[in-house]
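Heads up, the next two complexes both have subunit A, just with different partners, subunit B and then subunit C.
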Partner chain A sequence: MAINTRGRKLAAGAVMGAAMALAAHGAQAQNLNMAVGAPVTSLDPHYHQLSPNNAAAGMIFDRLINTDGDARMQPGLAESWRAIEPNVWEFRLRRGVTFHNGNPFTAEDVAFTFQRVPNVPNSPSSFAAFVRPITNVEIVDSHTLRITTQNPSPLLPQDMTNIFILDRETHENATTEQFNSGQAAIGTGPFRVVSHTMGDRIEFARNDSYFGTRPAWATVNYRMITNGGARTAALLSGDVDFIDQVPTPDLARVRADRRLAVSEKVGLRLIFLGLDHLREDASPFITDNNGQPIARNPLRDLRVRQALSIAIDRPAIANRVMEGSATPSAQFLPPGVFSHIPNYAPPAPDAARARALLAEAGFPEGFRITLHGPNNRYPNDGRIVQAVGQMWTRIGVRTTVEAQPWTTFVGRAGRQEFSAFLIGWGSNPEGSHPVRNILATANRDRGWGASNRGRYSNPEVDRRLEAALVEIDDARREAILQEAQRIALDDVGIIPLHIQTNIWAMRNTLQHEARADELTRAQDVRPR
Partner chain B sequence: MSDTTAPAPVEAKEETPFRRFVSEFAANKVAVGGLLVFVTIALLAIFAPWIAPQNPYDLAQLDIMDGRLPPGEVGGTGITHWLGTDDQGRDMLSGIIYGLRISLIVGIGSAIIACLVGASLGLLAAYAGGRTDSFIMRLVDLQLSFPTILAALMILAFLGKGVLNVVIALVIVEWAYYARTVRGSALVERRREYIEAAQCLVLPTRRILFRHLFPNCLPPLIVIGTIQIARAIALEATLSFLGLGVPITEPSLGLLIANGFEYMLSGNYWISFYPGIALLITIVSINLMGDHLRDVLNPRLKK
Partner chain C sequence: MTVYLLRRILQSLMVLLAMSVIVFVGVYAIGDPVEILISPDADQMERERAIAALGLDLPLWQQYLVFLQNALRGDLGRSFVFNEPALQLILNRMPATLELAFGAMFLSVLIGLPLGLYAGLKPESIGSRVIMAGSILGFSLPTFWVGLMLIMVFAVQLGWLPSSGRGETVQILGLHWSFLTANGWSHLAMPAFNLALFKISLVIRLTRSGVREAMLMDYVKFARAKGLSPARVTFVHVFKNILIPVVTVVGLELGSTIAFSVVTETVFAWPGMGKLIIDSINVLDRPVIVAYLMVIVLMFITINLIVDILYSVLDPRVRLESKA
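Right, the complex of A and B next:
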């Protein structure tokens, strides 16, 4: 009998144990461990324009207009918006939204946010450009806003997809340090911050009163593992459930692993070669075959630029170096994005024709050039410059390759110290963004050509950009922007190589809505 | 300076100790093995352009389509890649042979220059004494208190990439070892009678320093020298592995290992593995010789 009782107790204990185990399992399934490759430098959403920061901010805060995985505009804190005059936009705001601390969201908060954005001290890369066109913000009622701009501003809604909205009461005097400590990191977004260790991890908890789709995770552990190999290893060992920026050398291994799943999306970042358009006379890193300087800059000759472009076997780079995680491209934006030029494909590689073009331009024996590039900024950047070096050398342009750390490289590129260099540009899904920053004639006062490091300049392009920036009609603006890009690209102002594919990897029990804008956010991950 | 003629007297005038040295060295089979391996590596390095199937530094000879071929595969250029290829389609065997060349140039070159600089300063410190001695030795202390890699990284960050710059950086971080060693043994030798005799004859200081004092400080210097060559090779590999050594189109062993490291998880082991083995064999062979040299040249260990 005694044994029997004990047996029953044991059985009861076993059932309880199983129940607890189940409960524990349920709790575990509510937690997501994710690792990202780039460190978040601040939780202040107006401090630093950087994809990793925007990703973290996108979990805590909302924008008037949010974007979906394809970078299309979606209602965020604004339910609808329309231009009531060419230079006045009206936004109708969502009702019943509260911040994490319970404060209601109103039009006052939006007006406050616009005031704060240009006044964040020590901001290394400010968001001010997005609110600069605004001359007046009129609060019609608690949930209606009218925004007046100096000129007709068709891009204002697009600009609003970059500005995270803060609470006037909470953030009136909030400093960047208070955001970083988590104290002021209070938004309307799907997650609230539990703790933040700079450069290491952020812990999030679900915001149960979020107005949008309820996130699948009660808690999120958002870690930063910058070393690619270590990040893959953490996923393989089960230390984390989800990683971004899968290193291309590990792709084959990750794809073959049945315990893992991969999500990917063609991104908005073009990798291209910039060329020295500035100098008419000798270019600093170009010499003849005997190492003597050439009196005129060969890169000013369209035929030389064309030769350098068609010498490049873009599919080989995309397949071999990038392991398929890139699409060869002749333009900034991928198909399906506003102002993509239809049927404008990269030229087929043709070494014979490249040599012929060089000969026509007066360089039948080619010349020598140094191609510079970063070695720690873009996936495989150092390998891509070497591959281009091989291809140029084969048409007689003997190429020396120099890859440097990003900070050194970008400083020198910005001072026009190079003859040819590899760099990338992540576009907004709107052609005026790359045209204004990369192809337009550099002009500090206008804010044009801010990243035009080769100093390409073409009045035909500038004139069209000017027209596009004030064109309210979307179809007409798209046509003008396509034309502007086509002119600059036919003129080989830059040599486009490929558009990167963003790749995430996770346990196969998860699914992820991949994003073109590279942002890695917990609300995009759900159990399968 | 007359430094280059310095070792000559040991061999020419004192034939017998040299012969004794050779026979003692030859008695240890491991050390002789090390020497043989080292000579083979040196020959490979010297005759690299004639031995290697490909010039791995000529971009025109590489094809990205031959990238990451496994060992034994034949590439598009018709070359059989016995040790496979790296991500740029560079033949690993050629890459290793040329890489050994850089390793030896950097290792031996920096050791010789550091030895000349360090030994001269060490001698001067020991002979002059007083303030000169304190000044040089504090400089040595300063240098030795700094982590070698960190110092080399800083120097290279300042000078930029390139084989010559690596040699300069290594000389700057290594001379102190020689200076300290030479000063130690020179202080002992200085009090010997033959130096006093030379001073009584009013021989010029330079002559006393380099004809009398220096040859007698040589044995410990040779030992330190061999060890430092191995250290310099390892250090160059480390610097290149960290991306600060040689240019990416002219990889040394360290850079080849670094390139392949990222492909380890996907199973392309050969890009890192074989250069690693080559580096290991080189350093071990030099260290074996160095260890035995120390035994032979140290009077206290004599039977």
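Right, the complex of A and C next:
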């Protein structure tokens, strides 16, 4: 009898212990500790156009049109939108949405947001360009909006995926500092801000009245650990459950660890080589084999550019240097994205043909060139530059490699100081974005070619871009943009290398909807 | 003393002025902050707007004059990145760095002095040899590597300590401090030790050589001859005399620990000033760089002053007036 009682007590104790452990586990499972590699510089969603800021803002605020993991447009605060005239778009807004402080969301708030966007003081990179085409915003009723643009504007919905909507009542005079302190960081998004320590962490709590899918986490601790090794260590030691930007040297170890899981997605960032198209005469970093300047710029010759492109063994770079976290590419956008060119693969590496092309162009002995690049901007950037340098040297273009910090590099590249340089470009999922910024002839008044650092210029490309920018019909616009890209890429305006794969790592009890746009957000993470 | 102080203050002002000029020209020479901060797809109009918004459209000398004018009113400018007063950003981060630096200095004295004393008193023993060999390692191992190794062993393998960050903080006088919570201490332990490793070795070596020198002095022989206990000879007579170099070095090292704990802060994701300055340099956030260096220069000047004053307290032969 006595033994029996004791046994029962023990059993009861064991059950209680188990129940408590479960409860504790439940409480733990409600909290997500995550670490990101790039610091969020502001919680003001209109202050600084920067991916990490957009990721954090995407947890607090919503846009009229949100984007899914494949960068396709999905209804956000707008339920539907359509062009009622070539230059008028009508947006039907979602009803019954409230901000974190209980204020209702209406068309007024959208109109207010458009006014605020270009007027954020001291912004180092504003969102103004996205609202610049708008000439009039008409509030039809509390949840219908008509937006008029100067010219037919097929890209307006795409632009709207960049603008986070604020509340007129709450944010009328809100300053960036008030957002940063968390006081004004009030949106309609899935999470509320609890506290923010600049450059260290943001603490979030679930917004229980969110209109979309309910997030799995009651609280989120969003930490910024910029050092890659430290970020991996934090995951391995269990300090955090989820990290982004897994450093390529740690990738093999993370994949092999059974306690961990990895999610990945081919991104929208192309790594490519820019070439000096500006100069007819001598290019600053090109000489003949005796070190004497060459009177004409060899890079102006298509055959030389082709030779430099087919000399590169892209799969070797993607597999060895990038450890598999990149896909060789001959164009800006990966398959499945609007205006990707089908069946347009990178050329197979062919050193013999490259040499023949050089000889045809009048450089049978090759020449000397310096290839510049950053060494702290993209994964393995310095090593990619070295690899390309060796491949070029193999075909007789003796290449000196110079990798330097991004701070110095980017200014010099922008002043056309280099002959050839490595750089990257993160595209919007729409071909006009890279064509307009990288391939179009630089022109201040049109806002074209702002990042065309090699000053490639081709009237055929410009003409098609001009047509695409006012073509409302998606199918026709896609065809025009594919053609514009094909012309520039056949002409080797740039030398594409690869598209990066975005990689996240987490405990194997979690799952993550990987995003092409590199944004790391807590609502994309769920228990498995 | 007054004359001496005045002269020191005047010198400091000159240093500050020279430093601000160097930083202005230096940042200008490195590159253009707008190129780094601006979104890559910004068009030319947006670039021009950003340049004007940050005041970078003026010639450099005019930018400098604007800065000087504001600095005289105590305004060191607003960060390009955060749009907050640069000084405030730095002061917000200061408690974290101060905690780390003082933790490291405390450890270096706590561990370094006894080991150094032992090594100095019994130079031939095996223990001393081990200590001295260990101090060579402390000098020569790179902080970066040691930090990662500490994380691998104590956080990843053993799971005793958290790998990074600052842990819970308590707010006092509007500033966040973590040394008041147990969780804060567990976060502080590894970075403080990592930062202290070099200083521990330094203190061991200084103490040891000081002790060995002092033991041969006449006053020690005399004290022994008087029949004083070895403990009294060591801790009263020898100890006092070896403290002067130790105080000097520890004082100066405190400054450099606060100013240059960059590596440790980065490895352990410690949200201090060091991490702020390295991030700011990477994006050429000039107001923060200038303000940070101003704060650091001021701090060095103050520490040097305190060390000088402590000197005169410890060693009656030193008088500050004589220097002035």
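Assume the second predicted complex is superposed on the first by the 507 of 528 C-alpha atoms of A that agree within 3 Å, B and C clash if a C-alpha of one lies under 4 Å from a C-alpha of the other, contacts with A are read in each partner's own complex, and residues count from 1 in each chain.
The rule is short, and it goes like this: a residue touches a chain if its C-beta (ideal position, glycine included) is under 8 Å from a C-beta of that chain, and two chains touch if they have at least 3 such contacts.
Just so it is clear, the model here is predicted, and its values are computed rather than measured.
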| item | value |
| --- | --- |
| When subunit B and subunit C are modelled together on subunit A, clash or fit | fit |
| First, second, both or neither for A:Ala233, with subunit B first and subunit C second | both |
| Which superposed partner A:Ser283 touches (first subunit B, second subunit C, both, neither) | neither |
| Partner chain in contact with A:Ala403 - subunit B first, subunit C second, else both or neither | first |
| First, second, both or neither for A:Ser339, with subunit B first and subunit C second | neither |
| Which superposed partner A:Arg320 touches (first subunit B, second subunit C, both, neither) | first |
| Contact breadth on subunit A, by residue count: subunit C or subunit B | C |
| Touching partner for A:Gln49 - first (subunit B), second (subunit C), both, neither | second |
| Subunit B versus subunit C as contact partner of A:Thr501, first or second or both or neither | neither |
| Touched partner set for A:Arg253, first subunit B, second subunit C, both or neither | first |
| Where subunit B and subunit C come nearest after superposition, their Cα distance in Å | 7 |
| On subunit A, positions contacted by subunit B and by subunit C | 229, 233, 236, 376, 405 |
| In the complex, subunit B residues that touch subunit A | 59-60, 62-65, 67, 87-88, 161, 243, 247-249, 261-268 |
| In the complex with subunit A, residue positions of subunit C that touch it | 30-47, 49-50, 53-54, 78, 80-84, 89, 92, 148, 151-152, 155-156, 159, 162-166, 176, 266-269, 271, 275-276, 279, 281-284 |
| Touching residues on subunit A, where the partner in the complex is subunit C | 35, 39, 41-42, 44, 47-50, 121-126, 128-129, 176-177, 180, 197-201, 223-227, 229-231, 233-234, 236-239, 376, 405-408, 410-412, 414, 425-426, 428, 433, 437, 442, 444, 447-448, 450-451 |
| Interface residues, subunit A side, partner subunit B - complex | 228-229, 232-233, 236, 247, 249-253, 313, 316-317, 320-321, 375-376, 382-383, 386-387, 389-390, 393-394, 398-403, 405 |
